[in-house]
Every structure is written in C-alpha cells, then in structure tokens.
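So that we are looking at the same thing, I have put the structure below in structure tokens.
The first chain written gets the first letter, and so on, giving A, B, C, D, E, F, G and H; residue counts start at 1 in each chain.
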Amino acid sequence: MVDSKSQTADLGIVQLDLDRPRRCGYPEVVFGEGKSAETLLKVIQRLTAEGHEAFVTRVHPDAAAQLAGGLAGLRHNEIARTVRVRPNVQATAGINPAARELVGKVAIVTAGTTDLPVAEEARETLDWMGVATDLIVDVGVAGPHRLPAQLHRIQGSDAVIVVAGMEAALTSVVAGYVDCPVIGVPTSVGYGANLGGVAAVLSMLNSCAANVVVVNIDAGFKGGYVAGMIARRQARNPKHEIRNES
Amino acid sequence: MVDSKSQTADLGIVQLDLDRPRRCGYPEVVFGEGKSAETLLKVIQRLTAEGHEAFVTRVHPDAAAQLAGGLAGLRHNEIARTVRVRPNVQATAGINPAARELVGKVAIVTAGTTDLPVAEEARETLDWMGVATDLIVDVGVAGPHRLPAQLHRIQGSDAVIVVAGMEAALTSVVAGYVDCPVIGVPTSVGYGANLGGVAAVLSMLNSCAANVVVVNIDAGFKGGYVAGMIARRQARNPKHEIRNES
Amino acid sequence: MVDSKSQTADLGIVQLDLDRPRRCGYPEVVFGEGKSAETLLKVIQRLTAEGHEAFVTRVHPDAAAQLAGGLAGLRHNEIARTVRVRPNVQATAGINPAARELVGKVAIVTAGTTDLPVAEEARETLDWMGVATDLIVDVGVAGPHRLPAQLHRIQGSDAVIVVAGMEAALTSVVAGYVDCPVIGVPTSVGYGANLGGVAAVLSMLNSCAANVVVVNIDAGFKGGYVAGMIARRQARNPKHEIRNES
Amino acid sequence: MVDSKSQTADLGIVQLDLDRPRRCGYPEVVFGEGKSAETLLKVIQRLTAEGHEAFVTRVHPDAAAQLAGGLAGLRHNEIARTVRVRPNVQATAGINPAARELVGKVAIVTAGTTDLPVAEEARETLDWMGVATDLIVDVGVAGPHRLPAQLHRIQGSDAVIVVAGMEAALTSVVAGYVDCPVIGVPTSVGYGANLGGVAAVLSMLNSCAANVVVVNIDAGFKGGYVAGMIARRQARNPKHEIRNES
Amino acid sequence: MVDSKSQTADLGIVQLDLDRPRRCGYPEVVFGEGKSAETLLKVIQRLTAEGHEAFVTRVHPDAAAQLAGGLAGLRHNEIARTVRVRPNVQATAGINPAARELVGKVAIVTAGTTDLPVAEEARETLDWMGVATDLIVDVGVAGPHRLPAQLHRIQGSDAVIVVAGMEAALTSVVAGYVDCPVIGVPTSVGYGANLGGVAAVLSMLNSCAANVVVVNIDAGFKGGYVAGMIARRQARNPKHEIRNES
Amino acid sequence: MVDSKSQTADLGIVQLDLDRPRRCGYPEVVFGEGKSAETLLKVIQRLTAEGHEAFVTRVHPDAAAQLAGGLAGLRHNEIARTVRVRPNVQATAGINPAARELVGKVAIVTAGTTDLPVAEEARETLDWMGVATDLIVDVGVAGPHRLPAQLHRIQGSDAVIVVAGMEAALTSVVAGYVDCPVIGVPTSVGYGANLGGVAAVLSMLNSCAANVVVVNIDAGFKGGYVAGMIARRQARNPKHEIRNES
Amino acid sequence: MVDSKSQTADLGIVQLDLDRPRRCGYPEVVFGEGKSAETLLKVIQRLTAEGHEAFVTRVHPDAAAQLAGGLAGLRHNEIARTVRVRPNVQATAGINPAARELVGKVAIVTAGTTDLPVAEEARETLDWMGVATDLIVDVGVAGPHRLPAQLHRIQGSDAVIVVAGMEAALTSVVAGYVDCPVIGVPTSVGYGANLGGVAAVLSMLNSCAANVVVVNIDAGFKGGYVAGMIARRQARNPKHEIRNES
Amino acid sequence: MVDSKSQTADLGIVQLDLDRPRRCGYPEVVFGEGKSAETLLKVIQRLTAEGHEAFVTRVHPDAAAQLAGGLAGLRHNEIARTVRVRPNVQATAGINPAARELVGKVAIVTAGTTDLPVAEEARETLDWMGVATDLIVDVGVAGPHRLPAQLHRIQGSDAVIVVAGMEAALTSVVAGYVDCPVIGVPTSVGYGANLGGVAAVLSMLNSCAANVVVVNIDAGFKGGYVAGMIARRQARNPKHEIRNES
C-alpha cells in the first residue's frame, strides 16, 4: 500500500521512496547486492507501475536470470551487472531507450581493460538517465600517446568520468586537459599494496588538479549518476560556454 | 621569461602554467603552503601582469602580511587563509569583485561552527570564479529542525557544498533533498577516532545518497572550484530545468 | 560436573558460567561461531537443565539443522542465525515466548533492507530477554521523509537501536530526535571504502549527537543485549526481576 | 533573534538549538574546542537567559579565564576542561549544584591515574545532569585485588563508566561483574602502538562481555551523558522530569 | 648432499639448516604452509636421518594424509595442524615422546573455546621440546570466577602462554598474578572490528602489565617455542627461586 | 593509609599495589608520564618507606629536577628518562646498586646510535632488578661485520634484548645465533613509512626466527623487565645448560 | 587496425602500445589478470605479428591451457604463472631463448621456499629480456650461515633482487654486502600481522641500507624488469641494443 | 681506535663501518637526525681522516652551525639539510667538487615547488657520488605541457628520480617516456588524506609502469644513492672506479 502523505511505498522490508523524482529528479535506483530475486521483483514491479524505468545495480547473475524469466523487456548488462525494466504504461513510451533522444555528453575514460565493468556500470547509468556517453577504454599513462589521441573525444564534455585502479594517475592527467568536473571512480583493479582500491582512492583525493572529485571504490553507478546530473542541467542551452575572464 | 611554445612562465622554482585558462577555464591557483613570500610575490606579479586576478590558498598569516605590504589591492581573508590580488591592467576592470555580476548559485552548508574556515575558503574560491554563493552555518543533524528551516536556500542551487567533520552525517541528509551534485568537503574537526578527518572522508565516500562526491580533507578550495565549474556552465541559460521523465 | 564453589560447569572445552544470572541478570549466551554441533548440544542441554532458555548466536545453518533434529522446542531464526531452546523443567512455563508478557520498549531501526539480519539478531535477543520491540526497516536518510513518518514508533522508547552500514548517517539523525540512549550497530553492508564496516564504526563513534554509543560491526546481539538491560530496568513494575534466576 | 517556528536561536555562526530540551531532555551542550571566548560568551548568555545551566566542554584554559572575568557564578573544572554557568533567572534556583538533590547512581572507574581528566569530564557532565556519581580511580587489572575491593561501590549502579587507555582490559573485567550497561570511554593514555587511543577503542569494541558499549576516544562527556540518560530514567520518582525545560 | 662447512643440507628448493641445534638448541621446525607433501617428505626424511624428531606446523590435512601413508610413527594432531615424526636411529630412543621425562612447566591458558587450535599448536610444540604443559581452556574474563579457580595451576609456572582473541583482556589479568613472563598469542577469533586479530595484537602490546610479550596472530608455535626455551633453561635447578628484595 | 586486607595503599588518585612483590616478584614500577612531581613524590616516598627501591620511568626532566631537590639518594638517568630512589630503611642495604652482586646476564643490542635512550631504559630496569647487562650499540645489519664481532658478548646470555627502529632487521639476525628468547623492542627511530614505529613492530611480529617476542614501541622498560624475569629465574644454578637432544 | 600516427593498435578493449620498444626499450608486457583467453590471444597474435616475443604475466591456468591449444611455441611457466610466445617471423630467430646469448647478471635471492613463485616470475622476466640470472632459494636470516655460503654468487651482480615475505630482514642484510641496487620484492608469504605483505613492504621501505628500492607486493615481474633494465645497460657490448625494436 | 680485523671504528656510541667502500663502493653516509653535534663531529673527523669526503644527511640547522664553526671546508646545503666535509689529506684533491669530472647522468624531476628540499637532498647525494645531475622543478601533470617541454633533458638519463607528493601521478607519466629505471621518492607534501606521504607511497608502488621502484617518504638521499649506483656503473670510462677507496 502507498502512504500518500509520505510518498513511501511500504513493500515489507523495502520502503520505496516514491517522492524521489520530485526531490532529486530521478526515481530511486535499487542497490541489488544482498537482495533476493523476490524482493527485487517486488520493487521493480512497483517502480514500473509508477511509470518509471526501473534500474537495479550490482545484480547477481542468478537473480538477473530469475528476473529475466518473469519480466518482459528486461535489459541485463552482464558486464555492468545491471538490470533495467521499462515502465509498463503507454504514456511513458518516450522513455524507451531506443527511441528517446539523449542529451548532453559525458566521456567515460578507463585506464586499463580490466576497469571495463565499472565503466560499463557508469555508462548504463547515464543511458538510463538519458545522457549521451562516449566510452574510451585502456588509455592509461604507461602508453602516454594513447590519451592525446583521444582528447578530442574528451574535451568539450559536460563532465568526464575517469575509471582507474592501481595508482590512478590517469585521473589527474585527464583533469589537466579539461574545463569541466572530473569524477574519479577508483577501482579495485591491481594487487598487493593497492589494498583493494584504497590506493586509488587516496590518489584521487590527493589529485594536484583542482577539478577532481571522488566516489567510492568500483562505484560506477555513483560516478555515472553525478555526471548525469551535471550533463542534464546544461543540456538545454546549446550555447553554454565558459567565459574565461582572464 | 615566457616560453611561447609551451605557454609556461619559467619563474625559477615555479613553472607557471599560462595555458590553463584556455584548457581549464581559469588561471592557475597558487597553493601557498610551503612557499615563501618571495616566491608568492613573483607568481602573483606574473599572474596579474597577464591580466588575471591572482588567487592564493593556504597562505601563512606572516606571508600574507608581507605580501600586503607590497601589493596594492590585495584582499586577505584571514579565516579562509586566502589572498587575492586584482590584475594590473585596465581592460580587466570587469573582473573587479565589487563590480562584476555573479552568476549561478552554490549553497555552502556547514555542520558546525568550527567548520567555518573551510567553508570560507570555498566561498572565497567561488567569489573569485564569479559565482554567487549562499553560506549556511551550523545546521548539523543533532538539531534536526535547523536544516529544514534553511532548505529553501539550498534547493535550487546548481551545486551544494557540504562542509562537515566528525561523522559528516549532514552530507547524506542534504543530498536526499536536492537534484544537483553534492560536493562533500570532509574536515578535520573532531578528535580521537576522527583520525584527522579520515572518518569524515569514509563517511562521505560511503554515502547512501547517489549524488555525493568527495574531495580531500579541509579542501575548501577544491570543493568550491568544482562547484563553480558546474555553476558557471549552466549560468547562461535562465530556463535550465531538469526534466523528470518519470 | 559442577564446581559448586565457583559456579562453573566444566563441560570439557567449555567452562559454562552458571553464576552469570546472579551477577549479570541473564544466563550466559553462547557464541556459536566456530563451535561444533556436538559442543553446542552439550552447552544447550546444560543450560536448559538449569532452567534457562538457552540462546545461541551466529549458528551455522548446518549446526542448526543438526541441533533441530535432537532438541524439542528449538526455535531457529534463519535470518538472525540464532537458536533458542526452552528450559526443560515445568516450573519455567512462563518463559514460553508466546505466553509471557514482554516489558519495556526498544525500537530497532535499520537504514536499509540488507541490514535486516543484524536487526533480527537484536530483535531475537530482546525477545529472549523479555523486552518488547518495534522493528522499523529501510528508513535511511536518502529518503528523508521515511524516518519522520515513523518517529512516533521510535520516540518514547527506553532505548533505540540503529542498525546501519555504509556511512551510517541515520544514527545521528535518529539520535537528534530522542531522549534515550541510541545504540549504534554498524554493519558490514556496503563495499569498497566501507572497509568491511569500519567506516560505519568510525561514523558512529564520531557522532555529533551526545547520546550515541557503539558496539562491534554486525553485533546485533550486543546491541540488543544492552538495549534490553536498559529497558528491563525501567519497566513499569518496580520489582521487575529476571526470570530463570538459577 | 529567535526563529519561533524552528526554535533555533540564530547567533551568527552558531545556530543554537532551543528545542533540544523538549526532544532530548537536556539543553544543548557546547563543544568548546575551536570556538573563541567571544563566541562562547554569546552562546552561554543565551542559554542562561533561557533558564538553562550552560555547560561547555573542551574549553581552552585561556578562554575559560576570559569567560570567568565576565560571568558571575561560573564554575571552571580545570582538570575536566569544562565550564558551567548557572541560569540567570530566579525560578531556577533549584538547579544550584549545591542545593539540588541528585538522583540515580553512576560509578565512574578509571584504570590508571592519568585517565583522570577524562573521568572528571564524565563526572562533571553527570553532576550537571543531576545524577549522583561515585569516582573510583586507578584500579587497573595489573593490581587485580584493587577492583574487587571496590566492587561494592560499583555493583548496583544504574550504569558504569570505565575510563581506560592502553589495552583497556579493565572494561571487560568490570562488565563481568555487573547487571547494567558498561560504557567504555577509551583514552589516549599510553604510547607507541596505542595509536592515540585506537588500541583501546578496538579492545572495547571487541569486548567478550555482552554489556559493553563504546564512545569516542577521550569522550568523557559522551560517556557521562549516556550514563546520565540511563540513570535519570530509572530514578525512583516515577515522574522524574528534567528541570530547566524551556 | 651436505655442505660440511656451512652445515646446510641442500634439498633443492629447501636449504635445511643442520647447524641449528648447536646454535639454538633445537633442530629446524618446518613451516608447512605452501609446501607440497613431496617437499615436506624430503625435509622430514633428512631431519629424522640426522637423529632429530621432525616437527612440521601448519600442515594442510591433505598433505598430512599423504605423509601419514609413507612415514611410520607419524603423529598428526589435526586440531593443532602439526605433524611429528620420530628420528629413525636407535641412539635417540630418549627422544621418544612416550618415554622421555618432561621437564619444567608451562601453563597454556585460553580465553575461549574457539582459541583451542592455537593453544594445541603451542602445547604440541612444548611437548616436542620436552617441556611439561598444563592446558586450561575457556577462562575468559566475562566469567571472572573461572580464572581464580584455576590460578593454582598457573602460578608457579616457568612461563605462561595466554591464547586470546577479541579484546584479549585475559592476558593482562593473568599477568597480574604471576612472577614469570606471559607470552601473549593473539588469535583471529572474533569478527568485525577485531580486524583479523589486529585488535588482540594491539591489546597485548599495550598491556598495563610489565611482563607481557607478544607474538604473531595465531602463532601458537612461536608462543610455545619461546615458553619452552624459558622453561628448559631453569629446569635443572629444583631450587630456582626469585629473591624478592623488597 | 593502608588497607591491610587488599594490600593497597590509597594515595588519593593513586592506588599503590603493595602486594605486587609477593605476586610478581618486584614492587610496582611507576609510569611517570602524565604524573605531576607531587604525585610522583607521594608514590616514591611510600615505596621507599616499604623498603623498596622506587623506580620511575618516562619522567619529564622538569619533574626529575623537582624530585632531585627533595629526595636524597635519587638517581636520575637523563638518557633513559628514569629515576630511582633507594629505600629509606637500614635493613635493605643489600639493595644498594653499588654494593649488591648482580646475577644472570642479559645482552642489550641496538641497531643504531639513536636507539640508545630506549636501550638505556632497559639497562636501567635490569640494573634495578639486580641483573647484569652488557650493552652493545650500533651493530645494525647495514654493516654486517659489526654483529659477528660482538657475538661472543651476546651468545650465552639468559635473554637478549634487541632495540631497533626502521625495519628492525637486526632482531631476526640476532635471533638466528642464540638459544635463548630474543625480546624485540621496536623503536620510533626512522621517518616517513616507519609510521612512528609500527613498521618495526610488524617486522618483529613477523620474524622468521621462532624465538622472537615483541613489546610496545619504545618500551625499553618492558623489554628489560621480561628479560630480567627470565635471567633471575635461572641465576641460582651455575650449571644450567640446555640439553640439545638432537 | 593500426593508428600509424599514434602507434597504437586498437584491439577493441585493448589499446596496444606499439611505440613502447622505441620509448622504453621493450615491447608492452601484458598483465593477464582479469583478461579472458580471447582477449589475450588477440594481443599475443598482434605482438608476435610485430616481431616481438609476447610476454604475459599472472595468467590463470585455465587461460594458459586454452592459449596453449592455439599457439605454437608457447612457453607456460606454471610456477611463475607466465606465458611467452615467440614472434612469428623468420628474421627474429635470434630471439629464441635457447639460442640467444644472455648478457649481464642478476642474482635473485629468496628468503624462503614459498617465495619461489614470485622469484620465478622475476627470473622469467629477465630471461625474456635477455639477461642472465642466478636463482638462490631459501637463504633467510634464521639460518645465518646460508647467505654467506652463497655470497660469491650474489656479489658482482649488476643488480640483486631479494624476494621475501614475513619481516623481509634478508633484504637489508644482502644490501650490506653489495655495491649495486637491491630491488626488494615483498611477498604475501606469512600470516596474521603480515597483513597480506604490507609488513614486508614497510620493512623494505625502511631499510637501514641505502641501496634498497621496493616494488609492489608479489610483483616479481616489476622486480625483474627493473633489474633487467639496469643489467642490459651495462652489458659488456657498448652497443647493446634491444632486439625486437619495432 | 680501529679494530683492524672487523674494519670498524669504535667511536663509543657509533660503530663506524670502515669496510663499506670495499663492499659497497662508497663510505658510510651519516644519518644526522637525533645525533648531537659532538657525535657528528667525531664521526666526520674520522671519515675525513680516512681520506673520505664525509656526508651527513638530515642535519638540524643548529648542529650544522656548530659544525661549521669547527670544520674548514664544510659545505652546508640548507635546503637539503646536508653537510659535506672534504677529506683532510692532500692526495684526495681530486674529490674537490669544483674540480672533479662528474660522470653519468641522472635527471631529478619534481612535481611541485615544495618538493624541492627532497630533490636537493638527492642532488647533493649524487654530486657527492660524482654523478652529473639535471634538476627539473615543478612539472606536475596539472600543467600537462610542462613535462613534454623538458623531456629532452630527461630521456637518455641513466636513471630518473621523480620527487612527488600528493597523488604522485607524475611518476608513472615520466616512466612511460624512458628506457631506464625511475626511482620514485614520495614526499609528505600535501595535506589531509595524503596521510603524511603514505598516499604517494601507495601510488608509486601501484604504478602501472613497469620501471618504477620506490623508496621511503622524503628519502631524497636514498633516491639519489640508488640512482648514483646505476649511473656510475655505466659511466663511459670502462674503468670507472670510486675514489676514496679506503
């Protein structure tokens, strides 16, 4: 049942926040880790009944398979570990990922190949938010000519996401080339003294570049979400340009 | 002398980046910690000669006093530990902090009174960037009615900066009320198990809200800088609004 | 055999503390982790023979299944991972969970759905102690209207238990609304920089609210036990006594 | 000026929570660290004007001396680093520490002599709350006969506060003897691998006793405050109410 | 082959130290972790050929089973994870564990039941060294009367080994009762903030008792070895007594 | 006054353990850090009145100077930061450090010159205990021929104390040459990644040698005390020898 | 396809750096962890097509087996977890590991037997680089005569690699005997307070010897690579050049 | 006096290693921290008497001033905190820093201006070793065009030292451009989450470039020493020998 006053749907062990679109601009995204397929199903059905495209992150492959059996139009990105389900009402056809026009632009850059799953989670998030992305993989600084060759795809973005493990040096390097926020997503890629990604977190927090912000380790969703918020805000104005007062 | 090719001013132990306005939208900001007044003077003079308003952070009071003696139009914010010096050319009159029109809007919120110096550094940074700010002090969650009373000043911002030490719970709470990025600036305020601010860093990195990003401990400048980048980008379009597709 | 002087039952590799009800008000609770079903059986039988309801925490499902085969009246809470076995003497019929009257009131609040197992362990502990509970799940601060809607169930408690992982911001927020102790039970829910729950521990230890105390990560039992101690003491009946005093 | 709706007194950089007595049972306690004497004076005057006894913790000796010059009836506990100032209205004469009757009982136990300042802060807090205390100093486990000799002063308390640095073993030992909550206050007493008190925090969090809860390092105030909450609730008078309710 | 000069047996990837009995009083003990059964077999055969009783710690059950098939007189302690093999020459009959007379006395005390495997490793080590032991299990401080009841078995030892996880408070308590070294063996027993045994290490290093020394987490062998060294040295003199000069 | 039952002298904020000589073989040693000269004076006078030589560690130079003014026969070791005061009764003349015969032998070895203060604290402790010492300074492994040149002074000791900071490699090297316990005293000597001595602690705890035990960082007293306990026990028997059964 | 300008081969999720031999002297080495056999195959084929011997580290056994099925001349070192594949062009016959002449000399020394896999990775790397190696296993300091017996094999090297876990004392000891760089490769060998190799890292970083540098935990490849760089530079032939320059 | 057998000069609390030039190629360098001017004087005089140029690091300014008063030809680098004193024999005139010919080439690169003191210590060390240096200051990645402009000074070096604090991203970037070892010297420059330089250590240890090795935080001497060892070995003169061989 729905508590009309608080805009919360009481689904037993889940209190679904129905008021979030009004406050935050997007419906609640479901953190899939530790939730059973049954619980996820209940939440997804409610979200889609409200006219939202449901978005679930960190879904276990088994849960995804169970869900896929019972939900038409489910989109499972195995690399990103995400599930999306279209709203079940006609009026929301514009949400159709295939049909809608994406706005803004976010570049997602990874240092290595193994950072890809986290980058994919960010990409999927932005796609769900209706923001255009450009994914550039494996341009870490050990091969220093790889990044310059791709700078044209990165500069001019509304925000840049850098997904990097190990020492995450790419983050500061990218940040030196752009006039927009760089969202560092540290990954647990590496071994030994990477301490499960803590080394990359510290590296990004201590960036010598002023425009770097950081989210949790392997938090592709968060990185994508914040980038999307920035991109959507400035999407409407085609002439948004920074005045360089100097 | 200037290296015209690299756009770097070689000032001895400082290689001033003259190309930064083109790449990043703002001139280089000087990290004052560990630099002598002599070194700072040289850098400031070069920046102002290029037509920039020089901005120095983490200036020791003694160095600031020395600089104030030799530089006209110097603005020293003692709480923020910042120094600003106007450009020395006529054409840049529009930069005059008193004259220019500030654009955008960033709310800066602190959990406690002792977080103020870090918030002031953020505010000064945004002012230097030409972005309007609203500073709301001491609305931590222990007094839960204080934040709601100020929400009208926070909602509708282009970005929100939350400055908080101890357990930094305010960050997630604020984030739940807004549809823009929340930039968490953890402070070293607290004692014992705050571990010099590490507790606040971890709290912010693990925020249950999706729109929280984090910068270094006590990094008011970084928090302000990224918020400013976001705010300036969407300043031009008066009608920028988020379409809530749900 | 029992050492009448020391009130210890020597069960081989377990020295069961038979004097605990006198000193602490409750019989010894058994930490099930790392103990074989054989060892657990021996301890349970001795406790029930003494007229106590045996309570075992952190029981492996296999051990619980083995025990269930041999012990009548065993209650296994799979989510909480606890086992309870009624005393095997007639005089203790009042202990029957279904029959006895619960006293006091403890609210158990969780930030998210995945914090439930820890909350269940706390709830089961309080039930064993004879204290009434009210379990409120998934009211974390990202959906800030969810908590106010439940405040009437929380205020007026003898103690409140907040079960939260990630940044555990809910703890301080709840604490700001009540005039009783808030016992923070940090959980290992989260990933990356949550460091297995250490982030939540630090958050709770650094709470800006004065009435927050902390127990170990995932320590639902401890949280429940201390809350129960507080609640029983102020139960209406001025002569509230612990049943099963040996 | 006072915001009547939010019950907050806007004192510039301090937003004083005037509603706290209603919600939490006691007026706001002021964290003195990092606040100037001017700021403290303003807060104290407002609190006493509301009829509360003002209580400030972690006051620098210089600030205390400055305050003592301007405030009649100020009580400065140098060891505890606290300041208390009586309300400035006649009706609150009963608050007079010398005159009022203290209720409940909290035992404060320290492991060593150097833990005394933290214990004094707890004691002062409880006195301010109107709770009776018994302070037992230097009974750490290295001299194991010292604690048993004092057990009669500890058992029967409403709550026990154990103040201990180094390995804090005393906490678990005391907890094994009582049927009430034991609030561990870890101190930074020790050196080397005590890591500024973190060793004591970990020791207390991992206590083998079920009735131990923990607060921040050197947090004598918090330890006292929670103990006081517990003690006041079960004070003999069934209608025990907090005086000074604004 | 043996290098007669260096007293090293070159066994391929093992350089067996044949000179150790002369320097250190005992033959080399083999660290079994990460070594194949083939490697272990080679080392054991060489040690027994030299007339030593071979002693291997941290043996995987599979490796132990493989070894048991090929070596007569092998003694596998499954709980301790140790293997011992008698020397294969007649002249060493006195070494026979069954026949030889044990000297000295070391008390091994555990806080809980789950600390047993580590205690067993210590006991097996001492038995191999020819030192008498007394193993006292599950006398942690939560049941404070359990230790005093066993003090007569502990006092008068040449050294005491305390095996404890969680907060390891038992170590300091035992140390306060004896006039010999107490060797703390921290265990990884516990969860959450025990950080895999680090909490117990820190607790023991910071003991308020002067006679506590510490070895690695779960290092039953090391604890036993050092205790054995102490016990054997004073074994010969039946009248060794400490003169208390006070 | 003395509590004859508990053998505790109640000196206000100090509860002096008068029973310690009986239990532990030596009177209580006073931890001087954080204690005023007044408090120390009171404790010293009581100890000497009982016929003990008082021993205080970690005394601030100012406190030592104050004490020296009022106590005849005070011995202040400035490097070790210790103070010793002879008993004030005739019968204890044998305790006179100059007159009494020292027994046993403990070698104290330092890796570098700057480890000396910690080594001196250990030496002073052993001298107070009546144990002979041999202090060997600056034989760290970077100059590998320095240790072998001194081995004749180390081998044959009852115990060896290795005082070392940085990576503390000397500990394991010394341990490989002796048949007695090696007590590692990690020091805070070093910088950067030595983490205030934690690197040396970890190094010693992980020693590949079986006969290494560890005490707290800079804990010269503890190292000396345990070594002294070992040495005194085997002092009486001139023929104590280890039987090497191999 | 190849981007001739940037010298990068775009292989989908891998951007292969074809310019590396020119810049760094060796072709790119492939980090095998987290890469599928398909991805590895694509990279290997491209490298060998360019005339390089492909070198892959940290290959999962399953991936290695899959690769071995499809690639002639593959060399899989199971202990080192490396795969090498010869170039597929005739002109590079000299690269044949069996045929080519190795230059320089690097000694690889391990403290224990279980450090072998990491040492093997280093040895394989050096062999691939065309540098001669001498592998000396199990000469840790607990058996102090083992190292001197092998010093003739170590002294005179161009660089020495010390592979050690636990407290890694061997590193400083070796460094004291040689006049070349010592590259410390800390391993995760050990348990408990070794913290997964962090103890060895700290030990090596704090070495009292001036000629010790450190790489990541278990980073045999890195240790070998840097040693190889040093050795090749000073190989006798003044014109020593890296073969396989693309 | 000199022990001719061990080649150690016994200077009381210093055991000077006179054999080091033979073993390691250079005389012992003195770690000045924590040593008195008197001790330093004694060591310097002995070194210069042996014909070596004495080199002392981390000298306190006061000690340096005292030494300068008594030693002719002393060279004090205040920024580097080093002292050098020429040998006092005629035959060593060639050591004169002004006169001798430097060999090899090491580039020292700093990320920022405040890293200079550490870089100066490295430069001074190399100069003492007789190796040519090129110091390039303030070319961190935030101004990405600064490094390429200086690459011609870096490439072709025998070794490169990168001195960097904060996130130390410059290290990996430089490493991608050179075919020689890169020695990372992490500095404590930065604040907050730089954890006193630990962030930079972790960043360097986790470098994605294969040719990066790391030394301790702020260890300019070590970085310089290892670079010097590499450079001297491959100096053009095939008979490059270290002067001052004792």
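Basically, a residue touches a chain if its C-beta (ideal position, glycine included) is under 8 Å from a C-beta of that chain, and two chains touch if they have at least 3 such contacts.
Quick caveat, the model's predicted, so the values are computed rather than measured.
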Shared chain contacts [chain E and chain F, defined touch]: D, G
Co-neighbours of chain G and chain B - touch as defined: A, H
Between chain C and chain A, distance of the C-alpha-averaged centres to the nearest whole Å: 38
Rounded Å distance, chain B centre to chain D centre (Cα mean): 37
Chain centre separation in whole Å, for chain G relative to chain C (CA means): 53
Distance between the centres, which are taken as Cα means, of chain H and chain A, whole angstrom: 46
Multi-chain contact sites of chain D, meaning residues that touch two or more partners: 112, 142-143, 176-177, 192-195, 198, 201, 205-206, 210, 216
Chain pairs in mutual contact under the definition given at the outset: A-B, A-C, A-G, A-H, B-C, B-D, B-H, C-D, C-E, D-E, D-F, E-F, E-G, F-G, F-H, G-H
Residue ranges of chain G touching chain E (in the complex, touch as defined): 112-114, 116, 137-139, 142-143, 145-146, 148-149, 189, 191-195
Residues on chain E engaged by chain F in the complex (per definition of touch): 21-27, 29, 50-52, 92, 94-95, 130, 158, 176-181, 183, 201, 205-206, 210-216, 221-222, 225-226, 229-230, 232-234, 236-237, 239-246
Chain F-touching residues of chain H, taken from the complex the two chains share: 3, 5-8, 13-15, 17, 19-20, 28, 31, 33-35, 39, 58, 186, 188, 196-198, 201, 216-219
Residue ranges of chain E touching chain D (in the complex, touch as defined): 111-112, 140-144, 165-169, 171-173, 175-177, 190, 192-195, 198-200, 202-210
